[in-house]
Each structure stands twice: as structure tokens, then as C-alpha cells.
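Below you'll find the structures, each written out as C-alpha cells.
Below are two complexes that have chain A in common, paired first with chain B and then with chain C.
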Partner chain A sequence: MTTPRTSPPPVGAPVRRRADPADPAGPSGRGAGAVDLGVRSVRIGPVALPVAPRSVLVVVLLLALAVVVAVCSVLFGEIQMGFPRLVATLSGEGSAFEDYLVMDSRLPRVVNALLIGLALGMSGSIFQTISRNPLGSPDVIGFETGASTGGLVALLVLGSGFAGASVGAVIGGLATAVVVYALALRNGLDGLRLVLIGVGLGALLLSVNSMLIVQADVYDAQEAGGWLVGNLAGASWDGVGWLVVTVSVLCLAAVGLSRPLMIAELADDSAAGLGQRTDRLRMVAIAVGVLLSSIAVAAAGPIVFVALSAPQIARRLTGASGPNLVTSGLTGAVVLVLADHAARELFQPRQVPVGVVTGLIGGAFLAWLLTREWRKGHA
Partner chain B sequence: MSTLSGDGTGQRLRAEAVTLGYDKRVISEDLTLAVPDGSFTVIVGANGCGKSTLLRGLARLLKPRSGAVHLDGQAIQRYSSKEVARRLGLLPQAQVAPDGITVADLVARGRYPHQSLLRQWTRDDEEAVREALAATDIGDLAERLVDELSGGQRQRVWLAMALAQRTEILLLDEPTTYLDIAHQVEVLDLCERLRTERGYTLVAVLHDLNLACRYATHLVAMKDGGVVAEGSPADVITEELVEDVYGLACRVVPDPECGTPLVIPRKNVSTTPSAPSEEETR
Partner chain C sequence: MTALASPRAEQRRIGTPRRVAALVGAAAVLGMTVVLSLMIGNEWLSPGTVLRELVDPGATPARDIVRGLRLDRTVIALVVGLALGAAGALMQALTRNPLADPGLLGVNAGAAAAVVTGIALLDVTSAGIQIWFAFAGAAAASVIVYVLGSGGRASTTPVRLALAGAALTAVLSSYVNGVALSSQAAFDTMRFWLVGSVVGREISVLGTIWPFLVAGGLVAAFVSPALNAIALGEDTGRALGVNLGRLRILTALAITLLCGAATALAGPIAFLGLVLPHVARHLVGPDQRWVLPLSMVLSAALLLLADTTGRIASEREVEAGIMTAFIGAPLFIVLVRRRRLAHL
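Let's look at the complex of A and B:
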């Protein structure tokens, strides 16, 4: 962000006083006080939208990056493929093997990763905003674990198939959210309280998950393993249709909440002073966020780290405060495709679940975040 | 001192026999207060006497159990939250600046009540933000991070956010807390200018009695959730009243600078009172 007229004074510089501080900058903003606000008003008919050049650039670049990363993940690996062959295969002229590699193995996996990453990134952004804490993401505060518990219960206890397990995951995620918030609410929402209660409940649910696996018979337990650590290895086109529909609807809802969330990010009284009641908004936002993360868990099991890291990376990319919902979602998509590519190719001929890869990187990231928050809290 | 119910002229904001409280605890019962238009109304009183609660009630943050707060001739509960925020601004006691937010970005959030899904950022918004930055003299800080600012600067940023809201009524809950004496005066001078130059109506809770006397055009003294006296500072602040409200023995002398009442606490040990030349004792 550069300014044509004023440059920011160095830290600690005294504030310059004008003779008449009440002098307005003038109707066109070209007066002495003209400063770059970082946003431009862009008008299309009756619509006037704020456009922050840097954020727009970041979104465009991330979209391009997502496409590039996705294509590369299909092309490269233990078996390499040229771009012309990919085009040929996509237009139905590939060999049987190419057809299998692209259409049945790699492409569905990449598409799943994009959609799930998008859902996780947005979900993380919603939760970090309403808890006003970077640690308030669904993977840290047990919502993903709760969703996997729901999936396991449906699969192992109720004996439903994988479709039933998906429904179970969503119910599990919602139930966990209700319990955590009910315990955390006390005269408004305290972010730290929410994180601590969530972490506690998450640990408890993790034990429940292990218990469910131990109790189950060996065959079932192996099948249910995906609900313990997120895995995209078996991804197919089966779930993609409903994943596209649910994720797009929820993402649109999330983007609609973007502006109110930006206000709710302030303290409750400040938000109320600006005409935004936070209680009802929070309920809606939580519902959208939990559905997003639970659907991700339903599709691939609990993939940690993405919801936690994507909003943090997005904020550093745009330099903008606020939820950065779109940027977080796109970052999540890129991160998950990269992580899954690593899970697929790094340990050939074996494959590890993508949850293991994200867990490894996520552990380090979480440690860094904790030390940073700790220092900030004790500064 | 007396307010006639139903008399809406000259008093856009009134509390009519309101009972305010949290959960089971009642703080104020049957309280009536009219804020004169164009006044700098300052509410004073001992800790826990219900000053902030009253302000929260006036701002619609707290729903009265009985009675009603009237804004522009209508019960405030009948307006939408955003409509209230277009008529009345609030600077709460405790604020949280989001991580990594710039000054301009935070001040811009004051435009929220004027925006809608389609009209999110117009020329008016831009102009209001620039004007608020200029009025609080923080134009130079626009691109700085709020986290990096000093307490005095930060308070001006929050004030700028409330100004960007462009409401003619502004409620301020202890706007000078945590500020040193110079910054306290600076913030209050700014409030004074808003009133005289732009016709704002201000309602503030202040702890410093002497500054309250200096800046208030209408002083409200509260005790145990009720209003014990209101009027011009010279009429309200007497040795008896300070004794009654704060339980503090004091002398009240004219402020050598403005002639407004100056409260000087008496020494515990009864000695001969010193000459009234000492300043601010807190």
C-alpha cells in the first residue's frame, strides 16, 4: 500500500498538529488531510463496493495458483505426464492407462482437495473471527474431532454405510459446537475460554474415537480408519456432486456474513454501537462454519492444520484485517492440494494419509502460534 | 431539573422512568433523565453508582425492565439497531482492536450503519472517514497499525470511528481513562469543539470531577443508581453534594482558569487549610 501524498511517519514520531485540527479534508478528499484509505469505491449502477487493490490482486493470484497447483498435481509424481497428454485425456483421447490415472485416480483427488480445502479455509476464517482468536479454529477446538466421532458412531455403532456416516459427521460436528459454545458463553463470548473448553472436549472425543475403533471388529475398524486421520487416497467422483453444491451454497452464505463479521470482530459493545447485534449473528456464523468443517470431515475425515493456517496465511497476504473469507478459502484450497500431493508422492511407493502431512506441518505451526500468542499476552 | 414526559422538543434523547439492571441485580430504579440538545452532558458519581449502566441504557445496549428510553420522540427499542446507530454514536469503555488492523481500516468501520449489501463503500463513506481522521488529527497515522499506537492516539482512533458514524449524538463511556492529563484535556477539547463547531450533543461518563466541571454544560450527579442533582456545574457541585455522593470532605473553590468549581479534598489531619492555589490532586 503506497501513498502518493503522505508517507507514514516512523514509529514513535510525534503527531503533527495542524493549526485547525477540525478542518475537514474537503468534499473530494483532496485537502491537506488526503490520505490513502487503502480502498477505492467502485460503482456499477446502484452498487458501490469497496475495492482494496491489494486484496483483489491476491485473490486473482490465488485463483491462478490454485489452477496451476491442481494441474501440476495431476501431471507430476511417480508417473509423469505431459500437458498435451492431459488435454488429450480430458477430451477423451487418452489411453486406457492415462484415462485411469487422470480421470479415476488423480483428478478426483485434486478436485476433492480443492473443495475440501476451500471449505476448511472459510470455516477457519469464520471461527477465528468470532472467537477473536487464531486458535479458535474448528481443528483446534475439537469440532473436526467431534465430526469424526459422529462419523464413527454412525459407521461402527449404528452400522450405517458411508452415506450415513457423512450425515453422522455433520451431526457430530454440530453437537460438539453446541456443547462447546454452551459451556463457553458467559455474558458474551470469551475467545480464550472457548479455545480452552474446545481443546478439552476435543481431547475427550479423541479418546472416544479410539475406544470406538478398539471395540469394533478388525474389518470395520480398518474401514473406519479414515475417520481418525484425514485421507484423500480413495477420493472418487461419487461425492463430488453434492460436495460442489453444499460447499458453494455455504461459501456464498459465508461471504454474505463477511461484513457483519467484520463488525462483530470488535468488542460486543462496539459492534452494538455500530448497529450490529452479535448474538444472533454468531449463531448463524457458527452454523455455517460448523457445516463447512463437518462436510469436509464427512468427505475426507478430520484434516487438521488447514482451517488453522489458511486464515493466518491469507491475512499476511492481503495485509487486510477482517475475516478475509475468500482469500482464506482459496489459500485453504491451495494448501490442501499441495499437502495431498506430498502425501501421495513423498513416501512412494507407500502413501500416507494427507492428515498425517498436515498434522506434521500443523504441529510446528501451532507451536509457533502458541509461543507468539503467549508472548503477546504477556507483553 | 424536572423533565416533562412527552416533551420532545430540545431533548432528542431521554430516559423515562427506566429501571436498569443485569440478571437479578437492579442498578437503577425509576430513573428519569433528559439530555439537552447541543449540550455536553457529563455524568459523575462514585464507582459502581450506575453511570455506565445508564449510558448503556441510553445507547440501547441494555434493555430497560420498565420505562423507556426515547430517541427523537420514539421509544428507542422500536428502531432497528442500524437506525439507532445512524442517530447515536457510542464510545464504549473497553474496546478491542482486531489483530493487524490499520487506523484507516478501523475508522472506516464506523460507516457500517450507513452501508448496505449493495452500497458498501461510497464517496460519502470516504469523505466521512477522511473528515473523522482530520477532526481527530490522526490523518498522519492512517496507515499505521492500531497496535503500535500510544494510548492517547488509540483513544483518538476510536473517537474517529464514532465520528465517522456521523451521528449528532455521541455517548462516551469514560473516554479519558488510561490517559495522562495532557491527553485527557486533548480528548475533552476535541469533544468541546464537536459541540460548539458542529452542534453535537455529547453525553460522557467522567471520573475527574474538576475536568467534568470545566467541560460540562450540563452536569448529572448520580448516587446508588439515582440522579441526585443535575444542572450547570456551578449549581450542582457543592461541598455538601461531594460529601453526599463520594463521601469525601472537600472544599469547592472557583477554578482559577475558568471559574468553574474546583474540588479540593480536605486533608484527613485537621490542619489549617492551605491556600487554594494547588492544582488537581488525583
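Let's look at the complex of A and C:
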């Protein structure tokens, strides 16, 4: 069970394909040298960004993929639509029905999915970097559960409706993070202890959620139960502006943190020497990560497994062992748009909540990932 | 490696008299919680009244309260607590994982998913049939987790099993949610089933499943000595003459029998199997032959206490499954904090 801090995390260890021409570190590239090789630093004002050529390529490809997937999700489905009609509708020349389908139904959903996926992917990447454990994601260590507890309290106890639930989710997520970290801090922060305490507190909060659901009357309970799964079906333009602002500010903050975080991850042996600064850096990173995941919960309810799986996919795409913040965020966006498309179209005429789809796909993905890693002799 | 990693060093410190004292003390606590469970509720009875009604029931209102209202749930809590305590101890010893818990390794989720399927899709309402679904689900989940956790060249490690369990739990919870939200009637039935509770469950179920509980308990007792031998590592166990394959299968069988039966009786109850084996090891050291019975007795006592306090905790009764989390989670966090991580 113990993972000494100096050894690579059991599952999060970077997977390098041998003789990969795009990977300048090559097959021997493990350990500290692997991260720095092929990484150029790009300075924009006070912020220095580590940039690896392969990562840049992956980011560009993921951006393109996100756009393609988003457009396809608007075009295809039970009702198909041609690309020219989409352009016409977007420029205000569509029929009333097309206008409804694109502007009121599909597009806000896709935009919400992109933003929420971005937030979840980045948040997961931050936490997995800090805890050095793929299980250190906000959906496993109770932060998303805490956010949903906050939302449920607002919905069921205070009766404040879904807007109140969003505020409750952010407060609940932050409060959970504060408690988990306060409990996990003891002679510095230890990733494994953090995960364990998060799992324990998460289980407690899950019980609180069940209690709230059981004590409510059946109508409220079902409404809250629907929220509790994570759903984008009711997504509208109302929250998008707010979401764009908060998510972009936090994402910029996260990207700014990515270089120092990478150093903190590398400089483990000298962590004592860096002491205070490393801890303060972690605190800031944690605050950003918690806000990202709480905002995601506030917008659509707790959508599981995106925060866990996106950084894992991103690591395999870039082959870099750093925080991979941008790639993780973009992967999260792509994954969530795809999952929501499946949730929308797969069981027509009925729709399932996207949280059910991400749980099924993400869990299966994790299982596949684990067996594949183990077959290669990792962990 | 784990809390079990240094049995010799700890065995020297904890002698047999102390172990016997711990077991006797735990049994006394269990006895007290049984009496408390019969005493406390809307109507408080004196211990004397309770004992008199148990031995020689008269035609008094107290008889209806003790026999009619509180005896069934007390018996169910007792049995479920014993079973989950044993299952948790076995699971932690087998996987050498201090975090192993029927809830964490996906067994509860498997049972829940199967029962939910039965309720929602096949319209199974009778508890007598639901338990077979719970069994099948628990068994399937433990097989899947084990296959996932032991795939590949190297042998099963605690981390793998925990990760595989977490993955399976997430998949199954999504499935349960998806099914539960599909109809209001199904949702209303299942939100109560999904919270582990010892009230409103049918005592007649116990009549059907007691053979499984007894069988599970016997297998558990049978494998305990061999589990000691693998505490230092599977290679050491093999060197000591343990047939690892057979040991794993038998232990998994016992866990499935015990968890399946407990979940069929009370629904998914988390934390009992996680926390109490730790407490037991703290009291008697890592010897499985002592940890197993002590963890059973302590689990039963805690579940009874959880159920009893849940009755008076608020105006509306709080289910035992929720109370165990309230009691168990802080205890678990204290354990994680106190122990040096090298031992976790």
C-alpha cells in the first residue's frame, strides 16, 4: 500500500512507448531527466511556461478535436442537420425549429460540456500531481461529494432551488477541501494520507447525502437524485457567461502554476529545503483545483470520472510526466462532450444523465487502464 | 507494508491474557449494547423490564415493544454486524490492505446493482427473492474485482485490488443511479434500500440465509491460521506451506457468503468492515485467530450502538447505515492520522 514519495506513483507513472520518434527523451527517459529533456521555456511577461514540442502538438490536435466533436454533437443525433444549415442558423437565418434545436437545445449543452469538462480535467490534473496518485482526483477523495452535499443541503434543507444549489456546491466543495487538508497536514502534506482521509470523509459525506435523500419527500428526493448524478440535459445559456469567466480565470491561474508544480514534483528530495514555499504553492494549487471542481459541480451536478480519467489519458498522449494541465483540461472537454452526446442520443427517445455515462465509460476505462498497466509490469 | 507486516514484533508485546481480556471485554460491551438496543427508543424501558420480557414475556405493553418492535432489528443488527466484521477482517488479511472493506472492494455495490436490477427491471419485490440477487451480485463483483486485480504477470497487490474495487464501484453506482432514476416507484423503493438499515427488513429473510452465514463463518475460522502465514508476504506464505490458490478461493468464498448475506439482510452498510479490524488489531495484535472473533464482536456492538443512537439522534429516525458512517469515518481518519504512514 505504501508508495514511497520518491518512487513513481503506481498508476500515474508515465508510460513511454519505446522508440517513439516524437518523444525526444527516448526509451531511457525515466527519472528527473525525462521531464526536462525536450522542454523549452516560453516566457510571457512574468509567467514562464514549460513547453514540450510533443505537448504543443497534442494541445493543437486536442483543440481541433474539441471543435470537431462539439460541431458534430450539434449536427448529429436523432435529428440530423447539415453543416450549411448550422452556419445559416448561427447567422440567424435558420427556421424556427432549427433555431430552437441549435440555439436553445444542443449548442448550450455542448458549450456547457466543453467548459465543465475543461474545469474537471484541469482540477483532476492538479490533484493527481499533488497527491502523486491517480486516485487523488476530486471525485475519489470526496471533494465532488462534498460539493454535492452542499448542493443537496441548499436544495432539500434550505429549499433554495437549483441556483442556490450551485452556491451550496461551491461552499460545500471548499469546506470539504479545508477539512481534508487540515486533517491530512501533519509534518507536511503526504499524498497517500491525503487520499486516505479524503476517501474516509467522502464516504461520510456520501452517507449524509443518502440521509438527506431518504428524509426528503419523494418528489424532492427524485429531483435532488437527478441533480446528484450529474446532468447536462437542462443546460441553458443562463450560466454560461458566469462559467466562461470563472473557468477561464481559474484555468489561467492553473497554467501559471504548472511550472512551479512540476518543480515541486521533481524536487521531492529537497522538499525539506524548499519547505514553506512548496507547501504554500500546494495550498494555492489546491484552492484553484477545488474551485474548478466545485464550479463544475455547481453547473451540472457531480459528474464522476472525468477528473480521474482525463489526466490519465492526457499523460499517455503527451508522454510527459509533468502536470499536463492544458492537455488534461482539453481531454476532459472532449470526453465530456462525447459522453453527453452519448447520454443524449444513445437511448432515444429517452435520455440518461451524463453522469451515468461517464461513470460507466470511465469505470470501464479505469479497469482497462489498470489491467494494461499491470500487464506491462508497472505497479 | 501494512499493519500486518510485523506480526512477530507485536506478538511479543501482547500476551494471551490481554487478548482474552480484550475479547471478554468486547463481549461484555456487546451484551450491553443488546440490552440498550432493547431499552431505548420512543418508549424507554428499564434494563430489568427488558431482561424480564426476554426470559418470561408477560402480557404487558413492554412485551409488544421488546418483542414486537425491537427484538427483530436487534437480532438483524447483531447478525449483520458479526458477518461484516468477519468479512472485513478476512478481506484486509487476504489483500494485506488496511483499506479493504466490502464497500471499497465493490462487493456492496455488486449486491446493490443486482438488487436494483431485480426491483426495477424484473419487478422483484419479495425480500426472499431479493437476497438471491444480492448474493449473485456480491459474488460476481468479488470475482470481477479479483480478476481485474490479479491480471498480468505479477501477483495481486493491495493497491491493485483497491483500485479495481474503486473502478467497479463507480461503474455500478452509475448503473444503479441510471436505473433508479428511470421510474419514481423504483427510485422510492431503492432510496430506502440503498441506505443500509436494520429496520423495516424482514426477519424471515434470516430464516432463509442463516446456512450461508454459518458456512461463511466456518470457512472464515478455517482459513484464519493460513492467513497469518501470508501476513509477511505471499512468498513467505508459500514457503511456510500455504496453498495460496486454495486459500484465496476459500477466503473469497467466505467473504462473499458473509457480505452477500449481510447485504441481503440490511442493505449496504459501509465502514464496519473497514474500521473494526483495525481496532481489533490494535487491541490484540495481528494474529488472525484473535482478530477475527474480536472484530466480529466489535462490529456487532458498533452496529447495535449505531442503530440505537439513530433512533434518538433526531426527530426522524436515522438509519443504522448512516450512523455507522458518522461513527466509523472519524475513527478511520484518526487511525490514518495516528499511524505512521509506513505502516499503512
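Heads up, the rule we're going with is that the second predicted complex is superposed on the first by the 302 of 379 C-alpha atoms of A that agree within 3 Å, B and C clash if a C-alpha of one lies under 4 Å from a C-alpha of the other, contacts with A are read in each partner's own complex, and residues count from 1 in each chain.
The rule is simple: contacts are C-beta pairs under 8 Å (C-beta built on N, C-alpha and C of every residue); 3 or more make two chains touch, one makes a residue touch a chain.
All figures in this text were calculated on a predicted structure; none of them were measured in a lab.
**Student:** When the two structures are overlaid on chain A, which partner does A:259 contact: first (chain B), second (chain C), both, or neither?
**Tutor:** first
**Student:** Just chain B (first), just chain C (second), both, or neither: which does A:355 touch?
**Tutor:** second
**Student:** Based on the A-chain superposition described above, do chain B and chain C contact any of the same residues on chain A, and if so which?
**Tutor:** Residues common to the chain A contacts of chain C and of chain B are 1, 3, 11, 134, listed in rising order.
**Student:** How about chain C: which of its residues touch chain A in the complex?
**Tutor:** Touching chain A from chain C are residues 1-2, 96-99, 103-104, 148, 151-154, 157-160, 162-164, 166-168, 170-175, 177-178, 180-182, 184, 187-188, 191-192, 194-195, 270-271, 316, 318-319, 321-322, 325-326, 329-330, 332-333, 336-337, 341-342, 344.
**Student:** Taking the touch rule as given, give the residues of chain A at its contact with chain B in the complex, in rising order.
**Tutor:** So the residues of chain A in touch with chain B come to 1, 3, 6, 8-9, 11, 15-18, 21-25, 27, 29, 31, 33-39, 41, 43, 46-51, 132, 134, 256, 259, 262-263, 265-267, 269-270, 272-277, 315, 319-322.
**Student:** For a test of understanding, state which residues of chain B touch chain A in their complex under the given definition.
**Tutor:** 56, 59-61, 80-86, 89-102, 104-106, 108-110, 112-113, 115, 117-123, 125-127, 129-131, 133-144, 148, 153, 158, 162, 165, 190, 193, 197-198
**Student:** In their complex, what parts of chain A are in touch with chain C?
**Tutor:** Of all residues in chain A, those touching chain C are 1-3, 10-11, 134-135, 140, 183, 186, 190, 192-193, 196-197, 199-201, 203-204, 206-208, 210-211, 213-215, 218, 221-222, 225-226, 228-229, 304-305, 350, 352-353, 355-360, 362-364, 366-367, 370-371, 374-377, 379.
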